[in-house]
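First chain A sits with chain B, and in the next complex the same chain sits with chain C.
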Partner chain A sequence: MRKSGAERAEVVIRNRMGFHVRPVQRFATMARMFQADVEVQLRGRAVPGKSVINLVSLGGRCGDKMRIAAEGDDARQCVGVLAYLAENSFFVEDDVDAENRPGRHLERLARMASCFESDIRITVDGQTADAKNLDSLRRLGFGPDEVAQFDVTGQDAEQARALMENLAASCFYVEELMAARARKAARQ
Partner chain B sequence: MADYLCDGVVSLSLDARKRDEAIRTLLELFVTNKLMATGATGKAMTAVLAREALGSTAIGRGAAVPHARVEGLDRILMAFGYSVKGVEFSALDGQPVHEVFLVIAPPSMATEYMDVLQRISRLVQDDDFRRFVARVKNRQEAMDLIKEMDK
Partner chain C sequence: MKTRRGIPVSPGIAIGEVFLLEGEGVRIPEHFIAPEQVEREVARLTKAMDEALAELDSLTATVAEKAGAAIAEIFSAHAGMLRDQYLRQEIADRIRNKLYTAEFAVSRTMRHWRTMFQADSVLTARVPDLDDLERRLLRRLLGARRQELDSLQGEVILVARDLSPSQTASVDTAKVKAIAIDGGGPTGHTAIIASALGIPAVVGLGSLTGDVSGGDTVIVDGVRGVVIVDPDEDTLEGYQRRRTEVQRAEVTLLERYRDRPAISPDGRRVQVLANIEFPKEVGRATQYGAEGIGLYRTEFLFLASNRSPSEEEHFSAYMEAIGQLEGRPIVIRTVDLGADKFAGVHDVAVERNPFLGRRSIRYCLDHPEILRDQLRAILRASAHGKVRVMFPLVSSLEEVFALRKTLGELREEFDKKGEGYDRGMPVGIMVEVPSAAVCASMLAPHVDFLSIGTNDLIQYTIAIDRANEHVAHMYQPLHPAVLRLIKMTADSAHDCGVEVGLCGEMASEIVYAILLFGLGMDHLSVAPPVIVPELKRIISSVRHEDAVEVANRVLACTEVEKAAKLLMRANQEMLPDLFV
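What follows is the complex of A and B.
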């Protein structure tokens, strides 16, 4: 039976160390938030995109082209999120020749929220903003480690909520803060 | 992998149920086997846990590859631990981890280090490896199995 939606994207791996465990783990974590079947093609092999072990075994190197294909009702949202993640070095911050700009968490949130049809509102410290609107997020001006709440309504609300909550729980993948949070937890 | 996994650094009775304890047990095997100075484990432990904080290294099918680049090493070190009961490692599939491959490497050997991690992932994808490793009787058999199947 043909599934209702199919979507694909092609991206180039920019991580110096390639498609290693950390980028793969993030990719598979996000892929699993969607119902769509995901397939990744790299170096002449195709594997299921929700399996860390299969993806790591592809051995993707810097400069390799990677094809992401999804089939299912939420295929478009799924490929949008995964392609953005891949284009942005899977948010791995010590393995790319890019400047880690302050405020990058707001860009990540706005771009990923924009992959969904649902209306997504974020509330931080009693103030609310449209999560798809970068200017609105900048006016809200919160840090990556602040407590954020999401109000999500629409057809793809379940997937959108899972992704937004994952971003917030992971300090929007601002790695220095993820590490600091772990050090703090270890001391307690 | 045979180049990095030394004789004594295999534990077939990993008792730890928690990730940090399992990692510490394997790091101590490096000290017992004189591959690392006693005082160096703290730094290695911090580096491995800092890496875990950026995302779990459980790769599925009951395997985990805790790893980190550690300053001051002159070679890649690998330890293997098998847990019958399983270690909690925050795997995506929610399953406990039975096979733990700890890999630490000097920052200058990044390419070889990535290659080792990829070879481990290929190894644990093999159903035969997982079936056989659950049945090995001693450390030598475990070493032989890893060497034989990493071809």
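What follows is the complex of A and C.
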């Protein structure tokens, strides 16, 4: 892991509604898991990438190019995670049929885990898999609503764990499951 | 210590802690803090944001269940904004650098973002999110000092920008020791209610709400129309002394006059009655020696429930009042509201001049079901006590005929059913429109009594909206036209052998007592009841023929100022211990 790094990525906003409240909320939540300073530039305006209100104020539309820049020890991991999120319509599935395929949670998990240097193991019902290995995850075959336990070791373990747990807590942003879980929580 | 002047609308002195009532969506008054308060203010902000955050988190779960995750995530995004350190910093910076209060800093910050969002065609759709967030924070910030008005913990001084009728109506006099509001005029409902409840009130205080925080100590001087925020020791002590003196003097007066009628040394009697809004005020009125209720305003039956009350609701309110009156008379006035105040009514067109519009009795005549429900209840109540009915805003004899006809029909209905009522129930009208005063000699033969409503009579006669600060000073009870109309009404009533009284505010201001006595009032109906013993005392000590002479001299004055001077001199001569 580099001591102090700078990293940037350029992505195109794909979801029809643009970089609106929900995408921004997800983006900022994940950005805050990192120590790095994050900046998002869009149509010539740059704002702090951890600030919901600033990000919303960018008013990013579908098709807009968005530049994500991070500076700090975990800048690479940070930009990796945020760029993947942005490229995948911020996991907003309202209008992206292609996203609505089974097992997408495993893909999200594997791709996000791969952004980190730490070793990330996931345990479900006593079975363990390498979170960075999609085949290994598929063999584990757990659903997005099952309880998973993460064992994370390495230099960026803290950030990696925060992100993994956020994914699990949010049902990997699989919309219908998020809804079901929220309903359950409200009943309790 | 800061002193603000307003309009005194209900006398008395109260000292206590501020209870600041803020309506939702209210703009925060510009309100700065002292440099040493900065950290406390930032802490308030942080606390409010954390509380709002917790509220949002639980709301997110509820909304998710009711409306789905997509909507819920909007609230979780609001929570995200509250977690936004940049936003927090931005608001805190305004507190630190500009010495804004937390509320004002929130308001200004959100305004900044709103302006920015509004400039973008997509973002403009997000403005409601900002508004929602702002309201939530303001509610928290103000709410930390806010209990609900109907669940106050201890004694307070109620401070508000303005009070809605229902808020005013829900004031608990055991807890609210005084009312001080930014807006309002001397004829507003706050004035009427505070006065009826007998608590000191000052209105028209400008931006008092900007000067106080909940829990501040304030003095409300309902005599001089002054509110003092954070009084110093000397001021506080002085007021405490005055309050005690006032209370002691009141008790003495009360003991002497409570159970005595007001009869002048030359044998002329004036009935001293009280005005009430709620049946529960009857007890207070009689405690102060009121000989009955000269005006029971029934509007609050309509305003309290957002719909027209049923006959039963009317009836039970009237019975509640009658039950406490022990045979004393009560004048029930049919509802006197603007067309816009009748709830559940959909045929209200926007009136360009509501004061000249289809209000009060005009509205009731157009909506017989409302009038009939109320009149049936009044008739039923008349079987149980000395009930009189009074119609407001009457402006012509045709209206009197129409009202008489309706009453007659209802009586027939009662007779058919064999239901009891007082066949001799006196029927009266308010004289509050100049046309009614001018034509009093034509109206009087068709009614049993006239009651002059000076508040409206003055406004209509001089064409002055008293709530309009630019012309409020022209509202003059001693205007020669007003005095002539009162005199004309009294003389016409007496010529027809009909009783005449006055139930407007003018009756409650003791400076006018001798004048009104001299103009021939048979009864005066006042609020708050604390005035009753004072009025009885004045009438008991002034000869009627002297009062008539004063009235004639005042009537001869062509200018208000001269009339006021003359009256004051007469007051000082005849009641030297009252008017120094």
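Convention: the second predicted complex is superposed on the first by the 180 of 188 C-alpha atoms of A that agree within 3 Å, B and C clash if a C-alpha of one lies under 4 Å from a C-alpha of the other, contacts with A are read in each partner's own complex, and residues count from 1 in each chain.
Everything below uses one rule, namely that a contact is a pair of C-beta atoms (placed from the backbone, for glycine too) under 8 Å apart; a residue touches a chain by one contact, two chains touch by 3 or more.
Nothing here was measured: the structure is a model prediction, and the numbers come from that model.
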| item | value |
| --- | --- |
| Fit or clash between chain C and chain B when superposed on chain A | clash |
| Chain B versus chain C as contact partner of A:Thr29, first or second or both or neither | both |
| Contacts of A:Val21 with chain B and chain C, given as first, second, both or neither | both |
| First, second, both or neither for A:Val52, with chain B first and chain C second | both |
| First, second, both or neither for A:Arg8, with chain B first and chain C second | neither |
| Candidates 115-123, 241-249 or 439-447 of chain C: the single one with C-alpha clashes against chain B | 115-123 |
| Contact residues of chain A, present in both the chain B and the chain C interface | 18, 20-22, 25, 28-29, 32, 51-54, 56-57, 59, 175, 178-179, 182-183, 186 |
| Footprint of chain A on chain C - complex, ascending | 60-62, 64-66, 68-70, 72-74, 76-77, 80-81, 83-87, 113, 116-117, 120, 122-123, 126, 129 |
| Chain A-touching residues of chain B, taken from the complex the two chains share | 49-61, 63, 65, 67, 92, 110, 114, 117-118, 121-122, 124-125 |
| Contact set on chain A toward chain B in their complex | 17-18, 20-22, 25-26, 28-29, 32, 51-54, 56-57, 59, 175, 178-179, 181-183, 186 |
| Residue ranges of chain A in contact with chain C within the complex | 18, 20-22, 24-25, 28-29, 32, 48, 50-54, 56-57, 59, 61, 94, 175, 178-179, 182-183, 185-187 |
